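After this come two complexes, each holding subunit A, first together with subunit B and then together with subunit C.
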Partner chain A sequence: MIIFNKKGQILGSSITMAWKLFLIAGLALFVALTVGSVFTANRDVRPAEASILANRVMDCISDNGMINPNFNVKDCFLEDNELYVSANLTSMDSNFSRNIISGDPAMGVFCKIQDKTKEGATYCIDQKYYVLINNQKVEKGILELTVGVKKYAANV
Partner chain B sequence: MDKRGESDLLWSVIQAVLIVSVLGTIFYWINDVSSGKLIVAQMDAKESALIVDMARPGTDIIINKTLSITQNNITANFGGGSFSYSTFNPKISTKTIGNGTEVIA
Partner chain C sequence: MPQMSRRGQLVGESLTLFVVTMVVLGLMLIFFFMIRSINTGATDTESMKSFALEDSAWQSLKAYANTPVNIEYGGENVKLSMIGLIRLAKIDNSYENILEKESTKIFTEVYGNNNYRLNVKDVFSIGRVESVSSAAQPDIEVQKSQESFTDEVSSTLKLSDVEITLYLKTK
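Up next is the complex of A and B:
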């Protein structure tokens, strides 16, 4: 129990209270930074988005289970500088091959060099499909699909 | 203040009110944060964008949220905050239905 029976005791009590508030504010800041960094971080949906885009491209360029050799990925999705798709189709029965790239080629370079175990500026996935190519006659082939999604600011 | 006890009581009350208000604010904020309220807009926008991207052409999607969709950007609002996320689906048309949004992919 504080009794202000001398001059200056009110000032002393104010200083004590200010110190208490300072400690509480420090505690609040610590809690806010610790809890906030965990619960308010951006949720990274790029893995799901890249997978959906890969499936969409695959659906788009194939017809009745066969790939048209003149396929074009540009019609499959809305192009912007945040997305990258590279499709490399190679026939195993002939020397036919075709490589189509959509998006910023720099993202393709980044897809190759980035360490995929770490968060990077671009999230990339590589998929390989064994396909049938409708190239006058049906040929067996391999389609290598690389899909990259940048959208760094919204996800990381 | 003409009595010793009055100033004593006043300071105690001020301290108690300040401490309780600070701790109450922290508790309220942590409650909001841990229940995900601060990222509702973000999750609404991203989940809606992924649903629209995943949909096959011609699919009619009704989302039980009020969304603002311009071209290929989906914007969700919640609690004064908003978040936008872009889709790669090239053909989207939308219209508002009651408290929801109809999206034709």
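Up next is the complex of A and C:
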């Protein structure tokens, strides 16, 4: 049996304890950094909001792909001056067409600003859908939906 | 109870500490990559566009399935839905032509010629379909192979007997 001296024992346990403390401190730092990076990251959620709104509007105005020619998008979401929806319904079988806009029409112009970090820029999404129009007889049609989300201050 | 030497105790403790360190480092590495994928993942503009496009494909498929089509059946003019026509074409392949023609007309007008492909399982495929045939051996059956897009999203409408998939080009 090897006998350690007292000094060696104290040194050994000090090193072990220091290492344990270092490990705990490292863990705490890691948790703080990773959680902090998630919560402090500046995230522009306008693309997500525009996509979700487009899907919601489409779900709201169509029933199994069928759209009433007198459809209205105003009832599909809470209107405010930060959102813009333009729906253009065109028949492939007749001359029927209808365009309705909800929100500030000027926002349609701001969609064209490429740099979305510029003040006033609106994030917009253009979607095309094949639809059926319940216009006395069922007609084939195309719905072009443009959804814009301004919300600059909250996202940039 | 076996008596352990002081040295053995120290070696055991050090080994435990080493293993714990390795496990903690491994876990930190796993969490780091998980957090990184959350930070750079699903919220970027491109993936949101894909998400919206996928919904467009889904909505268009629903309308497509319910589209009325007039066909001649047994000398009579019959009105069917596109799903009905697909079912008919599965039994009688002479209806495949009208099915392909109607489907091509619809989707080309909506999404443009080279931006989609449609696959009705076991019946037909349209959009970016390349016909491969050999002029030297005309008896060889014409094969159709569908070329997939590098970046595409898809939606599938599944019924008990019919499966329709619409692929849309994202870029």
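Structural remarks
Keep in mind that, in the parts below, the second predicted complex is superposed on the first by the 106 of 156 C-alpha atoms of A that agree within 3 Å, B and C clash if a C-alpha of one lies under 4 Å from a C-alpha of the other, contacts with A are read in each partner's own complex, and residues count from 1 in each chain.
Methods note: a residue touches a chain if its C-beta (ideal position, glycine included) is under 8 Å from a C-beta of that chain, and two chains touch if they have at least 3 such contacts.
Here the structure is a predicted model, which is why all the values come from computation and not from measurement.
In the superposition on chain A, A:K20 makes contact with both subunit B and subunit C. In the overlay built on the shared chain, the residue A:A154 is in contact with subunit B alone; subunit C does not reach it. In the superposition on chain A, A:V45 makes contact with both subunit B and subunit C. In the superposition on chain A, A:F77 contacts subunit B only, with no contact to subunit C. Contact with subunit B, but none with subunit C, is seen for A:A32 once the two complexes are overlaid on the shared chain. Contacts of A:I100 after superposition on the shared chain: neither subunit B nor subunit C is touched. When the shared chain is aligned, subunit C comes close enough to touch A:V138, but subunit B does not. Subunit A uses residues 1-4, 20, 27, 43, 45, 48 to touch subunit B in one structure and subunit C in the other. Of all the residues in subunit B, the ones that touch subunit A in their complex are 4-5, 7-8, 11-12, 14-15, 18-19, 22-23, 25-26, 29-30, 33-34, 36, 38-39, 42-43, 46, 49-50, 53-54, 56, 72, 83-90.
Taken together, the subunit A residues at the contact with subunit C in this complex read 1-4, 9, 12, 16, 19-20, 23, 26-27, 30, 34, 37-38, 41, 43, 45, 47-48, 50-51, 54-55, 58, 62, 64-66, 92, 125, 127-132, 138, 140, 142. Every residue of subunit C that touches subunit A in the complex is listed here, in rising order: 5-7, 10, 13-14, 17, 20-21, 24, 28, 31-32, 35, 38-39, 43-45, 48-49, 51-53, 55-56, 59-68, 106-107, 109-111. Within the complex formed with subunit B, the subunit A residues making contact are 1-5, 10, 13, 17, 20-21, 24-25, 27-28, 31-32, 35-36, 39-40, 42-43, 45, 48-49, 52-53, 56, 59, 75, 77-78, 80, 82-83, 151, 154.
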